[in-house]
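Should a chain be cited, it is by its letter among A, B, C and D, assigned in written order, with residues numbered from 1 in that chain.
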Amino acid sequence: MRLRPTGIYPPIPTIFDLATGEVDSAAIEANVRRWMTTGLSGVLALGSNGEAALLTDAEIDRVIQAARSAVPRDRLLLVGTGRESTRAAIVAAIRAAELGADAVLVRAPFYYRGQMTTDVLTTHFRAVADASPVPVLLYNLPGVTGFSFTVDLVARLAEHPNVVGLKETSTDLERLGQFAAIRSDTFAVLSGWAPVIYPALCAGAAGGILALANVLPDACVDIFEHTRAGRHDPARALQRKVMRLAQLVTSVHGVAGLKAAMDLAGYHGGPVRAPLPPLSAAARDDIRNELAVQAAAVD
Amino acid sequence: MRLRPTGIYPPIPTIFDLATGEVDSAAIEANVRRWMTTGLSGVLALGSNGEAALLTDAEIDRVIQAARSAVPRDRLLLVGTGRESTRAAIVAAIRAAELGADAVLVRAPFYYRGQMTTDVLTTHFRAVADASPVPVLLYNLPGVTGFSFTVDLVARLAEHPNVVGLKETSTDLERLGQFAAIRSDTFAVLSGWAPVIYPALCAGAAGGILALANVLPDACVDIFEHTRAGRHDPARALQRKVMRLAQLVTSVHGVAGLKAAMDLAGYHGGPVRAPLPPLSAAARDDIRNELAVQAAAVD
Amino acid sequence: MRLRPTGIYPPIPTIFDLATGEVDSAAIEANVRRWMTTGLSGVLALGSNGEAALLTDAEIDRVIQAARSAVPRDRLLLVGTGRESTRAAIVAAIRAAELGADAVLVRAPFYYRGQMTTDVLTTHFRAVADASPVPVLLYNLPGVTGFSFTVDLVARLAEHPNVVGLKETSTDLERLGQFAAIRSDTFAVLSGWAPVIYPALCAGAAGGILALANVLPDACVDIFEHTRAGRHDPARALQRKVMRLAQLVTSVHGVAGLKAAMDLAGYHGGPVRAPLPPLSAAARDDIRNELAVQAAAVD
Amino acid sequence: MRLRPTGIYPPIPTIFDLATGEVDSAAIEANVRRWMTTGLSGVLALGSNGEAALLTDAEIDRVIQAARSAVPRDRLLLVGTGRESTRAAIVAAIRAAELGADAVLVRAPFYYRGQMTTDVLTTHFRAVADASPVPVLLYNLPGVTGFSFTVDLVARLAEHPNVVGLKETSTDLERLGQFAAIRSDTFAVLSGWAPVIYPALCAGAAGGILALANVLPDACVDIFEHTRAGRHDPARALQRKVMRLAQLVTSVHGVAGLKAAMDLAGYHGGPVRAPLPPLSAAARDDIRNELAVQAAAVD
């Protein structure tokens, strides 16, 4: 049966040992085990928040293995495997599947963005989907790539038997709404932007892959469950409540901000890898204060 | 009592005589009378769809007078009065009020956009709000101005007793959600983008100023009423149904497309003013076909 | 004989009375008379630095009249007459000619920038050029309009007998080089960006319309004369010497910075019109220091 | 003595075997040997035109080895070694030096472009320059990375004893002029944009790394030599003559266009690697015609 991912997934950070800077598999496992005690539907490893662009191939293997060891089989391990060349993207998808990924999330090549027409991207993603042993989720993240998938591209790719959905990382709900309307029964659109997760679910998203879910998994799952159950007023209220923290741990303070928030929330966070800069003390205070607001408001 | 605009408003086109190219007041009046037989909450005259940038001051007066004569006193006549200089924006707001506007919609100056900081815009809009005899709606349209209002700017201006709301013309629902959360009881946010009107209402919008409402007023009002009443499934279904026509009459084919759709729907549409180009035959067919789809689906 | 503008022109500011904020014709005249004692080839009135977007039609007339009274007949009075509608652009060109303009400088309409295709702009500019009693200079200023003229557009328009040149306001010398190659004998390209005036002249520009020339007319004329005479080393050295001041009076501090520099250099400068903000004390010091550097280096 | 690269360098394509798609070292060597019979000052391997982003580490080694074997010791082998993580960029620079690179060309990390402030980039490039056994050239290519180096960044880095210059790949000659003025005696700025190479040399560039030099090495060297010798008229004429071909082999038709032009000019060109698309027949004709124009004009 065709996979249709729904619910909330955290795009998990790759944890580095503070002393050595090397990948800390034990810390990753510990984080994932704790997340898996909540209502999260699984995790995404090696997305943008996983600093995948800063890792070697050997490190990437270790991250997948650590995550797999802690994600139970009835939840999903999604793995980011986008690469610049088609052949490298295929190799990465096959390797992730060997190591236990349930599905792969594939961003577009973007070094040569001027050449990435709808036809070129169709050819690229079809080749990856043909070769991948596990289902493929498309990954639209214009903030990184500098361009967006067209509706025409996604409509073509949604017909491929091994393409099961798409992650849309933007605030643009016209585009998300169009993607979600393509094959709403079998093609799942997941929002990657916590500040709009509630209206995205209204517009037809099947769930979300949200940096905020690393820190506040329950709140994110609650927004999802409220909306699914038709409880729109509490969903909207919760969306507003988490808005600022959602901004702090992604667009405002980046991966360093996310890891600081995780440290403060009792997860393993720790340092980011250069060239990403360490968090300033002021930014850490900003995040600490906002976490306190969240905790107080819950009571 | 403070005005709080809600519901759906069409941003009405300025109708030109086919032979002379001059403003056709009678046609404007006839259109407005027909719109006022529906559930629309009023109209906006002299917005972007009103070709305000292409009119003389004398023509602007005639458009306001024509609209006022056909909008009953229990609905709202909103009038676009943004200008590049602060003094001209004040003069325009006062004149619109003299001619019967219930409120004015004021875009930011943008010729010198590099200088339009939050502080500069705060000073500008406060001066206009201080001087305007009628309430002011802020108009955020980054697609024209090249920049967006910040949340900080809107929060400052929302405290002014004569600033009653904002029109947000974009697909960005993070921003709209933040604007709508500022003073949700008294400061009304209206979406200006029909392809996202349903999720915008979910995110907290109080209504919409929608080009599509010139052509399909009932469908737009239905989305608003469904959402307000908690009927989310039909609201989402209707949003999807009108998506393509909503795109054709704004982003795809511009004011000429909107006027063609109005001609086809039995309103007065007619020509646009140069340099805006006439609609191609292919574009007209495109719009005709989509209108037929809408009519068929209704049955 | 066909006009072919060459040399250096300052885009003159519109001077406002400090007490009343009204146009100060006497101050404009005095400035122009002083500039006309230098090697400048004329002036441009009512460009972006002339705050034309902030003036009424009556004020525009007064500025043209003041400039005309002080520009001798053997130098050129260029007047900015771009408007959003084709009919308004025609009216403005005719009026400027009546008041003595030798040529008009016409920017593209840009409120509806999404519709301003090469075909649409061709039609617009041909209509203006057909109707204008004086020669037309095209004005490409992508920093304001948000788009650039294509080479195809300029090549088409350069064939019109009443289109004699183009002002290119950008740092892009590929585009300027292509425009300058179109009809290099009769179609004059003037650079509007002082920080690249020397390489622009190398690439084929016939001269420049430079904010910096309001403050340092002699240095700007010297760069032009050195380059024309094949003295490239002093031209390049002078370009480097004026680089920072050229940035301060345009991109960094805007019209207020330009007017402050003029005050400091003994011209009439004075206030800008709202919403343009007054200059900060720090910015004024920055400009004063840089002017002192210029003066010292001259010795 | 400090290296100061001047003159013209082609950014050489990586040649792939038509049948297998693997790196063809013999073809790369043959190309380089032929280029080295001209006045070129060396070559750049593994830049954007080298499809470096699409190669494995093992392939990268083979390309450097092939180029090194054919570049004589009195000319320069430059090698692109930018990577996303600071540690990977260091590893790549050390490896390139081991394989014989005379200098490395290092682009900025850009996956996390929102975090790449001047301070962050300063830290990154200093770490790379500290660790690199050979001199470092900075690589500013905003068309790929989405941001530009600031003048402040380049001024800081130009003080590092192992940073000897910068490649500027844009049409912006204000920026290039500022970079070139920083330490014009010891810090060499090379333009990466053939359509502006002549005015870039006027503005202070010490040379160019030009895709066009793969196809027309003599013409590119001639522009350089003419300008250096003060023969500006023939330099400008040659710039205009090669303008269109320069555009075709980079911005218009990408690496596939460049390789097609090389095939037509008697070099080894061949296929590009997916996802880059093969060239259309129409594009190939376009390039063939323009090459014929060049040949005819030479006579």
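By definition in this document, contacts are C-beta pairs under 8 Å (C-beta built on N, C-alpha and C of every residue); 3 or more make two chains touch, one makes a residue touch a chain.
Model, not experiment: these values are computed from the prediction.
Asker: Which chains make contact with chain C and with chain D at once?
Answerer: Per touch definition, common to chain C and chain D: zero chains.
Asker: Superposing the C-alpha atoms of chain B on chain C takes a rotation of how many degrees, nearest 5?
Answerer: 180
Asker: With chain centres defined as mean CA positions, report which chain is farthest from chain D.
Answerer: The chain farthest from chain D, judged by C-alpha centres, is B.
Asker: Just give me the whole-number Å value for how far the CA centre of chain A lies from that of chain D.
Answerer: Taking the average C-alpha coordinate of chain A and of chain D, the gap between them is 36 Å.
Asker: Averaged over CA atoms, how far is the centre of chain A from the centre of chain C? Could you give it in whole Å?
Answerer: Spacing between the chain centres: roughly 50 Å.
Asker: Chain A: which residues touch two or more other chains?
Answerer: In chain A, nothing touches at least two other chains.
Asker: All pairs of touching chains?
Answerer: A-B, A-D, B-C, C-D
Asker: Applying the document's contact rule, which stretches of chain D touch chain A when the two form their complex?
Answerer: The contact residues of chain D facing chain A are 48, 53-56, 84-88, 109, 111-117, 119-121, 123-124, 127, 143-144, 146, 251, 254-255, 273-277.
Asker: For a test of understanding, state which residues of chain D touch chain C in their complex under the given definition.
Answerer: Per the stated touch rule, the residues are 171-175, 177-178, 181, 193, 195-196, 198-200, 202-204, 230, 232, 236, 239-240, 243.
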